[in-house]
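After this come two complexes, each holding chain A, first together with chain B and then together with chain C.
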Partner chain A sequence: MKQRSPQVVARRLASLVAIVAVLVVAVVIPNYLNGYSLYILTEVAIYAIACLGLTVVIGWSGQVALAQAGFFGLGAYGTAYLDSHGISWFVAALITAILAAVIGMLIGLPAARLRGFYLAIATLAFGDLMGQVFNEWTSVTGGPAGLPVDLVSIGSLGETRSLWYMSAAFLAVSVAVLWHVSRTRWGRCLRAVRNIEIATGSLGLSATKYKVEAFAVSAFLGSIAGALFGQALTFITPSSFSVTLVIEFLIVVLVGGVDRIAGAIVGAGFLVIIQEALQSTGAYQRLVFGLSLLVIVRFLPSGVMSLVYSLGRQALAVMARPAAVDEEIEPTVKVAS
Partner chain B sequence: MGEDAVLSCRGLDVAFGGNNVLRAIDFEAGPGFTGLIGPNGAGKTTLFNVITGYVRPAAGEVHLNGVPLIGKAPAAIAAMGVARTFQTPKLIPDMTVLENVMLGMDGHRRLRDWRSILSTPGSERTARVQALDVLTEFGLHRFANEPVSALPLGSQKLVEVVRALLSRPKLLLLDEPAAGVSAGDVTRMTNPLRRWTTESDLCLVIIEHDLELVSELCSSVTVLDFGRVLATDSPDVVTRHPDVITAYLGASFAAERG
Partner chain C sequence: MAQVVISGLQVGSAYALMALALVLVLKATDVPNFAMAEMGLLPAFTVWLLISHYHVNYVLAVLAGLVAGALLGVIVERFFIRPVIRHSHFAVVFMTIGLFFALNSIVALFWGSSPRTIDSPFSGTFTVSGTVVSYQAAAAIVVGFVIMVGLHLFFRSRAGIQMRAIAEDRVTPRLLGVRLPRVFRIAWALAGAIAAIAVVLAAQGSVLNDQTGQTLILTGFVAATLGGFSSIVGAFVGGLCLGVVENLAGTYISTSSASAVSLLVVVVVLMFRPEGLFGQTGVREI
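Presenting the complex of A and B:
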């Protein structure tokens, strides 16, 4: 077990360097960006957190769940409300996210019995229901007029930088936890449930349990992202959490790659940056999203990250070729005799 | 048999629509290999489906070491130590061989999920080493990191057997493990399986059409035909039983045996 192949060593080294580099950049980048650019980057991080939830529930557990905009809104409203009632923002965001996870489980229970199209409709209806609540429960949400958000500032960082660090830190933690989870038991079982639900029983795995847990994790991440989004908007209205948002989330995961952690980040970058770049062009923005989705679905159905990973694997294979010759010559389709 | 039976089925009746698939089946299996043979449609796989909780019988009982199984969910029965394979392997195509076989342990590792998420990767590493050990026994370790869909059917069947063994079952049900598998792969499967049955008191029921293999492995063979038990005896006796010869083996086999 101790001797590792050159590919593994190269991959680990590359990952370590990349992780350290990304963290260093995340810490120092506010010094090099103006407020507007930092805000855009923050938005990318927030979308990425929400869409990591979709990576778990859609990508891993295979459930087409369209409720994320609802949890996103719940996080924004719930945190803003609790925060304005004297609870610290961080505690408020945590309480709301736990509430969202519980609601996610409650939705997940019946949803575990629904499939494909029916599940999509049912979860879409939940998002719509949440929209109604934001509109009608005026005493808590301020109704259509909206709800102002108290902005958080950590130390002397100022609000914009605080929000960047909060978003980037939570994104980093989510990525680390999900990456670990994807390689261990829970992630394996989720993917098993997606693929061979009929046989999971014979493995002692309850499909319902894993599907419900995926919903809970997804709702938790959606709610935290929503809490951060509230900070970014400074003033939240029900229209911020409409069906359009569901479509935006879907663009993120489809472009990036729905079952890959990095896919949520790359997809979020694509969405937010295109949105900002084409803001002045109005309807053309939609056209670009439509066309890019067509191109992606046609040529890269597993998302941009699938291309990056396959190129990376090929590069590593080339780099490590001299030492790995033996393994490569042997056929991979026959069992050793 | 009797007292040392790990698995005991009594009076099982199963009907799909008006069709009686199993009729008053009595079946027992103790440590070692027990064969289950019979023509296609005799109800062999249905019997496995009843034992593992996928099909609920209209009447009858199934006990594992004296504990009743009927009415329990498949996952609960698996957790009690019943593992199985399928005629067509049910593996996860986009996972590696190692990940696929580790799923066998995942349903049974007594760690709770949240502990396994929060714990250091130590328990995961131990599990991986155990999985690699068993893959090595079956000559599959070199494909541990290959996607399982890249392996031929015979090797996939081996992978499914390893996955089942890694759940440390008391009872292992193998559904036609040798069908479509090369002679080399069959030996690669049966040698370690023999070891497992002697070393861990594993009780192994095997549905198989290859009678040479069944005779070689099993101390007791049950023949099913049209949902009924035709005979239960040692392989030698069963293959000479006149009803069995006409129902299953056919005239050519009868002539061959004289």
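Presenting the complex of A and C:
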């Protein structure tokens, strides 16, 4: 039996309490919010799920893959199409997500050979190509005119609440699974592939295998998020899944910190809330958005969350000064050029 | 067929110039500049404004656009890129994305999204062995070629050699007296001016509005990737090939397939040649 210091036990307990509290809040919050606020919160959860996929592929495996908007769209279109052909929404979302994971593997296989910038361009092109398919394959996607989505309602919850519970539940499950995975063999190997790819080969780990699996996980999450996003939009058009969406996803991971699970959630909250807040500025929305990005990067180049994290770390250090440090060593991630 | 190739080369010339601007900035300062096309968009609108509202002579207006582009490049480098460039690669990428939004919305606020045209003084056509070539297409191709050769020569000049040295190694050239800020400034100024020409050429091929930059930045990156990102000639040939492939697909498959085919080309090429194509091989492979 491993002996744990009281500080570690206390911290574990504190995080357990925090997790339960968050879950309770997630369950009861629809009672206290109006439809619009709940919708915003749902949107945050959906963006967070998609960006968790980026946390895995960009943050952990270190591959700058920019096809997520394509998988997001695939999830939305595939689920809506199957759903309208008599398959239950949940099964449809699952089938589409598995299909997305397979496609993710297929593009991951050749992409594992590409480095840095070439990978970014190839995946960006692939994502955009999917957008073209949504535009052209009119018999399935409805083309530029769009495709209406049948809304799901669980029991007597109503559509808005159902969507919130579905999104929140899936986000919770993904966070739990990824958090667990990040400290098991698979997660560590993935980071080893990112940090010292040459060494992994001599340890008998196939870098390609881990990269391809990261692609698959990322595509799966992107597709599920897309299926939920289709429900939120109620009507999907190809323009919802353009390059702008890729940029939004990038902003999420950059703001929150690319290799942290919490980063995807915080970043998603930042993006959605700032966009909603700027809605009132009308024509100036994009300008204010761009300028706020410029100001943030200029004065907080490591992302907004770096400030919060470093304050939190300092607070922790003050509270638990003599405690044994069981924090992970923070790897720094860079876009290879 | 030859007709299609020529108009492909005309479009490709704009792509090629955008790719050159991207490669220039990437080589010198190691920044993938997502705002490159928007940095050309503002000067292009200046050119349009000068010609259509103030009836300035075409050549003078384009010269003013070049100066505006170079100036914008210097401003962006000095006040937005340099403060964060030492921090992290992510921060710089983030910065260029922010610039993309800011510049694009400035253009949209001032001029809306209605399409404009920049009139070219080169009107009429001539015939080469049965193929009708418009002077405008010829001018676009020649301009692209001249700039490519110019850049090629520039990299053999003193400032160009310094730039190449800095791209190879950040430390040693500085010990030998190369001034890093100056090299960065020159690279961004040149890239800004080239981007301005690229957008003007693209606008003359079709129309100028606030969307022009978004298509051009993607094709520019694709062209630079095809060319292998490091070689000037490679990026140029990559751009021309991309234009021709798009036009051929647009003519012989369907108009809407043009951009899809070019994206497919880059995915396929990278699968077989992970480091991109260089120069002549590019022509054969495609």
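General remarks:
Just so it is clear, the second predicted complex is superposed on the first by the 282 of 337 C-alpha atoms of A that agree within 3 Å, B and C clash if a C-alpha of one lies under 4 Å from a C-alpha of the other, contacts with A are read in each partner's own complex, and residues count from 1 in each chain.
Everything below uses one rule, namely that contacts are C-beta pairs under 8 Å (C-beta built on N, C-alpha and C of every residue); 3 or more make two chains touch, one makes a residue touch a chain.
Remember, predicted model here, so these are calculated numbers, not experimental data.
When the two structures are aligned on the shared chain, A:V318 is found in touch with neither chain B nor chain C. Looking at the superposed arrangement, the partner reaching more residues of chain A, out of chain B and chain C, is C. When the two structures are aligned on the shared chain, A:V28 is found in touch with neither chain B nor chain C. Of the two partner chains, chain B is the only one touched by A:C189; chain C is not. Once the two complexes are laid over each other on the shared chain, residue contacts for A:L203 go to chain B alone; chain C is not touched.
In the superposition on chain A, A:H180 makes contact with chain B only, not with chain C. Overlap of the chain B and chain C contact sets on chain A: residues 333-335, 337.
Chain A contributes residues 110, 113-115, 117-118, 120-122, 124-126, 128-129, 132-133, 135-136, 243, 247, 250-251, 254, 258, 283-287, 289-291, 293-294, 296-298, 301-303, 333-335, 337 to its touches with chain C in the complex.
Put simply, chain A touches chain B in their complex at residues 1, 177, 180-181, 183-186, 188-189, 191-192, 195-196, 198-206, 213, 330, 332-337.
Taken together, the chain B residues at the contact with chain A in this complex read 52-54, 73-75, 78-79, 83-84, 86, 90-95, 99, 102-104, 106-109, 111, 113, 116-117, 121, 124, 127, 129, 132, 139-140, 142-143, 146, 150-152, 154-155, 158, 163, 167, 184-185, 188.
Residues 26, 30, 32, 80, 83-84, 87-91, 93-95, 97-106, 108-109, 214, 218, 221-222, 225, 229, 256-257, 259-260, 263-264, 266-267, 270-271, 274-276 of chain C are the ones that touch chain A when the two sit in their complex.
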